[in-house]
């Protein structure tokens, strides 16, 4: 009855051999292909370097001004403008300006990439049940395979630095974008779609004119979650050499500097809130028809 | 023009003093309150211990049977039953049974707690714009404040082990549940609500009869995201001593054991997919009206 | 040549300060251009072994992550230039100072294991606890084996997985703040020991290198014996490509640059008191310990560094 | 189905105005200065939904509301169960001001006193037909078997037997409307609010549904507020009719009054298309001058409509009909020419 | 608005059947064995939407479709632009089978050849009235200024000037319907599909809208398929009428044919409530026997409806009318009795 209580698993030696074999062959693979693959990501790296360069070298009043302008253009609400600027000033005042700028540049790029990748995939997923069946488990993998696990091969392939960091962040941040785009589009009222069909919309036009606008609230939640996920990965990214607010957090942990961790953590939160409020306000402005309540 | 290029931040010494003061006062706080707070969480700990005890001590065929039965009752689809059982068998065959059981017991408790906490808060948030304005930034903090940051104070307060692990997981996993419950309820068609009103629904009845059923697809996505988030935290939880699949992953990371990391990571993914498919199939069965396509 | 040198700064204090120190010295004494790249230990060393980037890891704890560094050295991808800590790192089982003060009879591990009541386990206070190290570290394996060797389980102890260095540190901090007993694996030099003074317990048997290799450091070995834990190597490691391109003076510097545990502990405790960064620590060291660092470099380099301070 | 409610409720609407828009309070004073819908829309970007409405709907009667599209009928009927809050004015149901009710009172009022059929159906898309129909009863806390019994009765009555298990999106427009109807009728409330409740129905089912209402009315005397665009329907059902334009009441009265004495050109237009032969009663056109040659005339009750009178006259072969009232008194005579002229008037 | 389309399109529907449910293929063979809607619903849990429909709608005519609620009218009209795919059968528009079109062809067909008014409006909730109205033109790729021009023209025409900036949820039911109407009319397509397009409108606006259609028809000769429950409307608009029951065509023909020669009791019921005075032409009841005493009679064209004939006869003071056809030939005579009898016949 032994097998009843203890699972009759593969022999330990065999298991070990399997592991070693795979490990070795993967190592050989990275050695053979590491360079070309790294080349592939070179433009991305340059983009990241450039973004960071801009954020670090622009004088801070210019950056604050720019944030204020963007906030205003996107939201048209002075509360958001004031809130964003105040947060940045506070961050700077507590001497986290530089790290914050690095993190902002990184996260901005990651979020944009996630949105740009996520929305089309989400759309594709909404259009075909087959695509949904295929993509959905992949997203599960992306979200739950611990980033630490795929960081091993990524680091072996690409070394440490910004690009592997970006990959880790995007892998983790893009699934909610995809899922919620899919959900939003699937929830669009069938009658409205039928009307669009009846006038001869192509599926592209249906998408642009009907599905995306009506899926907006859900897509905006997707963007919110993507921003949140990206910022949640800041610390992990800093473990593989991405500079920014993650590093002081790690330092704080290793040295039990409680307050330092909290301060830098709150700076991350501050960025999250700025990003989120601006994007949500923009999304809301796009949906005027929902403001008009009935009754 | 120095201030223009470099942010005129707080003096280093002052900053250091601030940090040290806060650190010290927090340390005093834990000294004074650590024990009572730990007492507070004692029932939770017992629950966790019990759940783990059950999962570890039940013979594996019983567990597989139980999973099969739950999968069938929830989904009524044999593919899901077969898929779940096959995943578990494979996990066992590759000698990850015990860690998997620990992780399942932990995640089950965390997910249930997140759902139980998340849905009511989401509902509250949907009912009042004020609540939304207050809760939304708190959720931002919960999702983006790096768990590493609050792990230190939590460990200082509660020691290492299951309870702080559970707190970390729930803090991270509950926001999507809340956000998507809120979103789903807010998107419910006004006309339908008006009809419910006209027949004299109390707000509770409106919730149960109309809003929750119609928000189901969105809420189910919330549950999916909560499960994903909870499992994404498995490794972090194992950093403060929670046993399960996170530990071999950490071991793999610290030694660059690629395959070991992948295997255990995939076991986590397997659990995620089992949880997710069963809960989604259950959710879909609750929404028969959506199956009937028009045309 | 010595351009675009990247130095890995690990995220614990001693490595951080050493990285800053190397940066300052290489830049000012050897006209290199240096950037610091910080990351977690394992990814950084892996990246060095597999991708040849970054160039220098000033403080690599060979025994903590034996797989990564060991393999790199074996395969010739990495080169050890010298010991970063002259007297090696200390690893072993530690207990808080106040326990020693209260129970001066506890000197060896064996003594401590007689008092499970002094070291209550967090989730089951009826038992004693030995806190193990982070998952996957060499020291963690050794601790597991020693736990077996001492028959600690029979003595009423359980071995607690702390998961990570952060978890381990947290458990120490908690014990200290509550003035409770704590027994477990730790290592020095570290910042924590500066803040929470702890005492390393002695072993009840002398060191046996063969036995150590056969069993104490092998997780699968079923019958470990008690065996003294001797100090570990902490090396400065560079990539082979860097060793080839860097040139004699730089490599010579990296070969001789080495400090003792005592110096590091003093420096770390200053840093902890001041919540200083690695850069601050390096400056502080350079300003106050000219006698030490001037022996690492040539006189002309020393002059240049002196001038830059 | 036996009715639980023995009492009927009169509804009185007093000085009711409703303005839609961002800032209705700002507009209310302008109303008193006599601004119209057009100015308020164009100059102030607000929509005047209703303007100083005063209607008394006696208990147990069917009050029909008609009017141009967009004239405020739906807005008005929604005030009665306070789905819309008024900008000014009162809605008294049995003397109680609906607008002053607490949440709890309002809920009880809606549950037990009113039932509504929505212009756009307002079905719950996630419930099947049966579950939709029992919804009101469920809220009232009626036991399940009585819920189902009542629902099945009314579903059968509206011709939807066999569709209980279908979901609203599987039904045609008219079928959906009938589900809404069954739901309201099953609710068995003393006040029925019906917003274009028959608009999607074909004439046969529509007449059938009208008969249901009239039968109900004979038995239980509900107070029914009925919006329709069909004047024939209004005349058939309505004890009283009110006609709205641009949020104001233009004329109120019985059907006969409105058809025969339209208050202005607008209403003349409105009643032009009515089938007078089926509506106008001979009492209204009787010629009292000729007090009758009894032998060469048929006797017709005063409430006979023109069409029926013509038929009777033709089939009798007589030249002339004598109109008698309920008590048998002769009111006067009518010739075929007179009848024909009345049928084709204007 | 000038029409871009000079050609009209005939529509022919051949052997069309549609079954709703999980597994329609399984049911199709049963249809041939003559199973009815009821058995299919009760025994096979499928809904028979349409069963072997054959209708030819000539180009440039208005084809009215009537029938009980749930009889398949909407399903039928949706087949014409293939919003619903048939289970069997063909829909030929100008000889081309719509069901065999590729995606691209279908899109072009829907864009340029058809425009539809939906029973439940089908407005885009996130677009304001103007943007809803231009929707079809936008898809056609018409320049923006011409879009707006056309949209404003039609919005004005349906009485919604001033509401361009409002969103659908701020409009009354009838106003929403008119937006749908304006959208379809602005599209200026040769085929207009109108599913109960006037059902939410009051009689005045409704008549106005009918006139729009008739005027359009005089100018441009679109092919219009029009679903209505109002027989008067059907008779006014329809060149041809088809009546459905349970997914089958019961009778097809001109309005006069259907009113005067109903095919079965069902249709008799259907036409019972029609205002015959406004519909029946005297040509159909003329009595050819008495070839006329020219002096004591008024002359009336054969197409005059009864009501007009009575008016004319009464105002002329004559005893008898002479019916003449377009070429002036006398077809026979009619007395007031005959006219009155025809008006009240059922």
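Order as written gives the chain letters A, B, C, D and E; numbering starts at 1 within each chain.
Note that in this section a contact is a pair of C-beta atoms (placed from the backbone, for glycine too) under 8 Å apart; a residue touches a chain by one contact, two chains touch by 3 or more.
Because the structure is predicted, anything quoted here is derived from the model rather than measured.
Traced through touching neighbours, the fewest hops from chain A to chain C number 1. Taking B-C and B-D together, the chain pair joined by more C-beta contacts is B-C.
Chain C and chain E, compared by their mean Cα positions, are separated by 89 Å. If you average the Cα atoms of chain A and of chain D, the two centres end up 58 Å apart. Remark: chain B and chain D have CA centroids separated by 55 Å (rounded to whole angstrom). Taking each chain's centre as the mean of its C-alpha atoms, chain D lies 27 Å from chain E. In chain D, the positions touching at least two other chains are 83, 120, 169-170. Annotation for chain C: residues 46, 166, 169-170, 173, 275 touch two or more other chains. With touch defined as above, residues shared between interfaces to two or more other chains in chain B number as follows: 19-20, 27, 148, 151-152, 156, 190-191, 194, 246, 250, 252-253, 256-257, 294-295.
Of all the residues in chain E, the ones that touch chain A in their complex are 81, 83, 106-112, 114-116, 118, 120, 122-128, 135-136, 138-140, 167-170, 183, 187. Of all residues in chain B, those touching chain D in their complex are 189, 191-192, 194-202, 205, 209-210, 213-214, 216, 287-290, 292, 294. Chain C contributes residues 42, 46, 65-68, 122-123, 134-137, 160-164, 166-167, 169-171, 173-174, 177-178, 274-275 to its touches with chain B in the complex. Across the complex, chain A meets chain C through its residues 27, 30-31, 34, 38, 151-152, 155-161, 238-241, 243, 247, 250-251, 253-257, 260.
Contacts from chain A toward chain B in the complex involve residues 4-10, 12, 15, 18-20, 22-23, 26-27, 59-61, 92-95, 97, 137, 140-141, 143-153, 156, 172, 175-176, 179-180, 183, 186-187, 190-191, 194, 217-218, 221, 224-225, 228-229, 231-232, 234-235, 246, 249-250, 252-253, 256-266, 268-269, 272-273, 276, 293-295.
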